[in-house]
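As structure tokens, here come the structures.
The two complexes that follow have subunit A in common; it is paired with subunit B in the first and with subunit C in the second.
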Partner chain A sequence: MNSLIRSYGKGLTGIFVTLTAFWLLLLIILPQAFMLDQSLWSIDKDDQLGMKIDRAYSDLGLLEYDAQQATGDTNPAVQEKIDTLKEEIATLEAQETDPPREYGLQNYTRMSSLHFSIFVKSIFYALAVTVLAFAVCYPVAFTIAKLATPQRAALLMLGLIIPYAINELLRVYAWLMILDYQGVINSLLAWMGVVSFADKTWIPFLEYPGSVFVALIYAYVLFMIFPIYNTVETLDKNQLEAAQDLGGSVFLTHWRVVLPHAKPGIAVGCIMTFMLSVGSYSVPQIMTRGKSGDWFSQLIYRQFFETQNWNVGAAYAFSLVLVCLAFILIMMKVFKVGIRDISK
Partner chain B sequence: MSTQSNGPGLSGLILKIYMAVFFVYLFAPLLVMSLAAFNSYEYPSVTQWRGWTLHWFGELAQDDRILQGIVNSVLVALGVVGLSLPLGLSGALILTRLQSRYTNVLYAVLVSPLLIPGIILGISTLIFWGRVDVPGGLFLTVLAQSSFIASYSMLLFMARLQRQDRVLEEAALDLGASSFFMFRRITVPFLAPTLITGAVIGFLQSIENYNTTIFAVGGDWTLVTEIGSRFRFGLSPVINVIGVLFVILTVIAATLYTIQKEREKQRRAALG
Partner chain C sequence: MRGKDVRLEDVVMRFGSFTAVQQTNLTINAGEFFSILGPSGCGKTTILRMVSGFIDPSEGRVLIGGEQMNGIGPAKRPTALIFQNLALFPLMSNWENVAFGLEARGVAKAKRRDRAYELMALVGLQGHEEKTPNELSGGQKQRVAIARALAVEPAVLLLDEPLSALDLKLRQYMRAELKEIQRKTGVTFIFITHDQGEALTMSDRIAVMKAGVVEQVDTVDNLYAHPRTPFVATFVGENNVLEGKISHIQDGFAIVETQQGAIRGINQDKATIGDKAMVFVRPERTKLLNGAALDNTFEVDFERRDLEGAFVNLFFKSDTGSIIVHEANLGQHKELEGRAKIGFNASDAIVMRSGELSDE
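For the complex of A and B:
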């Protein structure tokens, strides 16, 4: 900090610290803390509350009528009853406007078995997408980094980036058009006479989780390729040649030379792909269109905007954070990389 | 290794075919999507071909919600760039200069928005600002998106600052420049390329964002959330037209970028 003040003076340093504190507290830590808090309480709504209040009001009306009718000295007993009833109404109304919060883990533990199975399923799907994306991307990253001439590598890079400038939703939508009931693939099959639109014997690709996989890999392929490319690129070509000269097969060369070198990149690529897949709302939303089962991200959306249960929604959201955190820690352990190697 | 660029023999051939298939996988969907924008059929399709038309382009020009969505998206993106660049720069300066045990912790927290799902950022922003009665809307969208786009720009600034030669700054101070003057005349010009890259990346990230925005945007909408809601109601080739416009803009930008790079290379070659 002193070095900062020495260079930029107290005024500018103060501004930097304030801005960073704003970012740290108001955009990162406090929102997460409030989300955690929201997930830890629930309101035990008393369904009878409205009726109780109504009944108390009608009792009150009767008593007040009695009190007015009683000419002369007002009955102190009636007056007392009126007062207690008014107090009761006040507490009931306070409960209605600001119901008491019950803290606990109920939002997590009361996850229905259906929702829990979707939660587990989404994690497995995201893991599968990560493994598949790695298998698809590794040869591409290696080719661009080590085999292509510089000009061709630049061209291939451009070819990778261009689809990325097109909006994620539109890219996924393109796959919807291809895999739809009367989409490109089914139309081709119909043209070949394999399926028939009239008999509705088309292949319902969109009802298989595989179609979401294809679109997810397509949507996030760059996040796997770039980190791996960056690490493979720094590998000395002589090491590859040495491995081959010593008689190493292609497989052995990759297994013993390239992969160990690319570890940090692989870890980062897997972390990004897993995180993006497990938390993707857009891709399953577009690809399934409610026809095959929900993904966990869609469940979370429903809790917020359809069932309006923010407490349960926050608990589901925080569960997702924990899953991502666990995945990051496992990857860091397995690949032996530090936090500084991540997100480079 | 042979002189062939794709490696020797059979494995080289397989790799070549693989790369070709991969790039077909990348580009074929875009082709399908673009083609459907020119089909007269009112449901987006390339197989039910009813003849070429530019009708859907006109339809887009009259679609008020989409046009307003574009305006909203640009407003949000400008807000995000204006907020995330100063935040990212401050974070980067502090992290590169701070020598403390807590530097790594601070670093981890500041990059954490990149490592947790976008929907979480939207949800936590919505809950937190809801407590102080700020409802979802374009303002919250700016805040939610900035939380992670600032992390991107911080990483860019950190990479640049690591290559900074601090001698210049010290010399300026020794010669009696005020720290503010030195910052403006030496640090900022040194960081200028990163400021531009950061602004462009931040702008594009913001325009493209869906997963965070859908939770924070409330009753307002951006271009992307409007597209998202069309998938449920009223899917028409107008969406494909937007796709075509994105493709055209991208190709223009990529071409300009390549030309710019070529020129720079030639200029450098001319300088020797």
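For the complex of A and C:
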């Protein structure tokens, strides 16, 4: 702070700090706080409320009729009854228009076993996607960073980036077309005579959860490749040669030299891929077309926009945030990297 | 003695159309401390990489201990390379660095740990085993690299300018240390350097390279006393140079007509009358004369005097730059001014056909 003030002066430093604080508030704290708040209360709606109000009104009508019949000497007892009934109606109506919030963890604890199994399944799938993406990306990143000539590395990188200029939805649709009943792969198989469209003996790729995997990996590979590439790139080539010279096998060299060096990149890649895939909505939505089980993100969407239960939706969404946070902490522990290494 | 000999037979190395190493024949004896000396970019590292197996020569054969090595990778050769930047593994402890080669050979952890500790003791690094390389000083890192290379029990240790990053004091100390390790282990050392002083103090024999060509391979003494080319004469140690044409030849001596007059020296190249030639004479064999005359005596303008502690360098102007007279500092300093008479004996001067000089 002091060094900032010294190098930029009070005015500019003030602007920097204010902007940063504003950014933190607007982008991080505010939406999460709102979500957390939403998730922590529910409205305990009384189903009988409407009926109770109706009954009270009819009672009131009767009483008022009684009061009118007894002209002249108004019965104070009846009048008192009318007053209490009116008060009762007022509180009931207040309850209906502004129902009392009941704070607690009920939105979290009341998750149905079906939803919970989807929750667990989604986490498991996202983990699987992360592992698979790592298995695919690490060799690619290593090859580009250390084995290719600089020109070829640049070309390969460009080749990897170009598809990302296309909208994510279109990229996923491309996979849909590849894996569809009469898609590219099945057409190829049909051409080879393995399956037949007429007999509907095509392979229903889209009904397997694997198709979502493929599309998710495809959608998020770059987020795995780039961080790994960046860290592997900085590895001194002489270290690879030294390991080779000392007789280190490919496995040992990677296990003892390259992987430890690439740890921060791997951690970042895994965190990004995991978070993106566990929270991905469009990919499972497009790929399954509702034919295989729900992903948790689809469930959250439905809580918000179909069931209109924002509180439960917020609780579900916040559970996912907690899972992601836990994942980050676990990754940091496993890879023994600090926040500093990751934010590099 | 577990060192092995290394032979390069008609080796050529090309990168595309560029020839980094011209046809070379080189024999390095088992257990020898052999240096390859040459200016930057002359192909020293390329030769080392051919011996260690990272590259195969475009032509010719590499033999280690009499066995043909072409096509065999670095892991399978009885060599270990110490890189110019050491290339220690920064995320491993020092003993794990040293033990890496053993780990690659499947030695059990307890055993390789013991061996690593032993080797670190050999290079004087007790107590630093559990630290990481980045917690060590430059000289200590150097020693970890040496221990790591020795761990695989190489027959040939290849060192690519390993001392160039160290400061002078440490460098001198590490020279002695390396020499000692070489003596103790009997391993063949091939040591690369562009520092001729370093090569002279450490080596049994030296190969001097220039632009992909090995100009001379010789013992340290011979290299200094009998340089074979103008480049070697000026690259290894200092030499005064006088240029001219040969006018007479007699009894293995030649007389060269220079700006300083007729100069007589050993006709090393068996040059003939009329050839353009250079006369080389070491500064310590060149004398400042008062009265007495030597075989070659002439007058030159005094330029300046540099004190180097035990020695004094006196600089005189000549047509080819400076002539240096290297004198012991005996505390009898005389003020010099104007012209002075200097000279040297014909048997201390070497006449060669003109050629390229070292620009250092």
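Worth pointing out:
Assume the second predicted complex is superposed on the first by the 327 of 344 C-alpha atoms of A that agree within 3 Å, B and C clash if a C-alpha of one lies under 4 Å from a C-alpha of the other, contacts with A are read in each partner's own complex, and residues count from 1 in each chain.
We take it that a contact is a pair of C-beta atoms (placed from the backbone, for glycine too) under 8 Å apart; a residue touches a chain by one contact, two chains touch by 3 or more.
Values in this document were obtained by computation on a predicted structure and should not be read as measured data.
Partners subunit B and subunit C, brought together by superposition on subunit A, fit side by side with no clash.
In the superposed pair of complexes, A:I271 makes contact with subunit B only, with no contact to subunit C. By the document's definition of touching, of the two partners only subunit C reaches A:P260; subunit B does not. In the superposition on chain A, A:G210 contacts neither subunit B nor subunit C. With both structures placed on the common chain, the touch criterion links A:P99 to neither subunit B nor subunit C. In the superposed model, A:S280 lies in contact with subunit B only, and not with subunit C.
Set against each other, subunit B and subunit C touch different numbers of residues in subunit A, with B touching more. Once the two complexes are laid over each other on the shared chain, residue contacts for A:V250 go to subunit B alone; subunit C is not touched.
In the superposed model, A:E241 lies in contact with both subunit B and subunit C. Between subunit B and subunit C, the smallest C-alpha to C-alpha distance in the superposed model amounts to 5 Å. According to the touch criterion, the shared surface of subunit A, contacted by subunit B in one complex and subunit C in the other, consists of residues 241, 244. For subunit A in complex with subunit B, the residues that touch the partner chain are 1, 3-4, 7-9, 11-12, 15-17, 19-20, 22-24, 26-32, 34-35, 38, 136, 139-140, 143, 147-149, 152, 156, 158-163, 165-171, 173-175, 177-178, 182-184, 187, 218, 221, 237, 240-241, 244, 250, 271, 275-276, 278-282, 285-286, 289, 297, 300-301, 304, 310, 313-314, 317, 320-321, 324-325, 328, 339-340, 342-344.
Those residues of subunit C that touch subunit A in the complex are listed here as 52-54, 73-75, 79-81, 83, 85, 87-89, 91-92, 100-101, 103-105, 148-149, 151-152. Per the touch definition, subunit B reaches subunit A in the complex via residues 1, 5-7, 11, 15, 18-19, 22-23, 25-30, 32-33, 36, 44-48, 86-87, 89-91, 93-94, 97-100, 104, 106-121, 123-129, 131, 143, 146-147, 150-151, 155, 166, 169-170, 173, 178-180, 182-183, 187, 204, 207-208, 210-211, 214-215, 224, 227-228, 231-232, 239, 242-243, 246-247, 249-251, 253-254, 258.
Within the complex formed with subunit C, the subunit A residues making contact are 236, 238-239, 241-249, 252, 256-257, 260-261.
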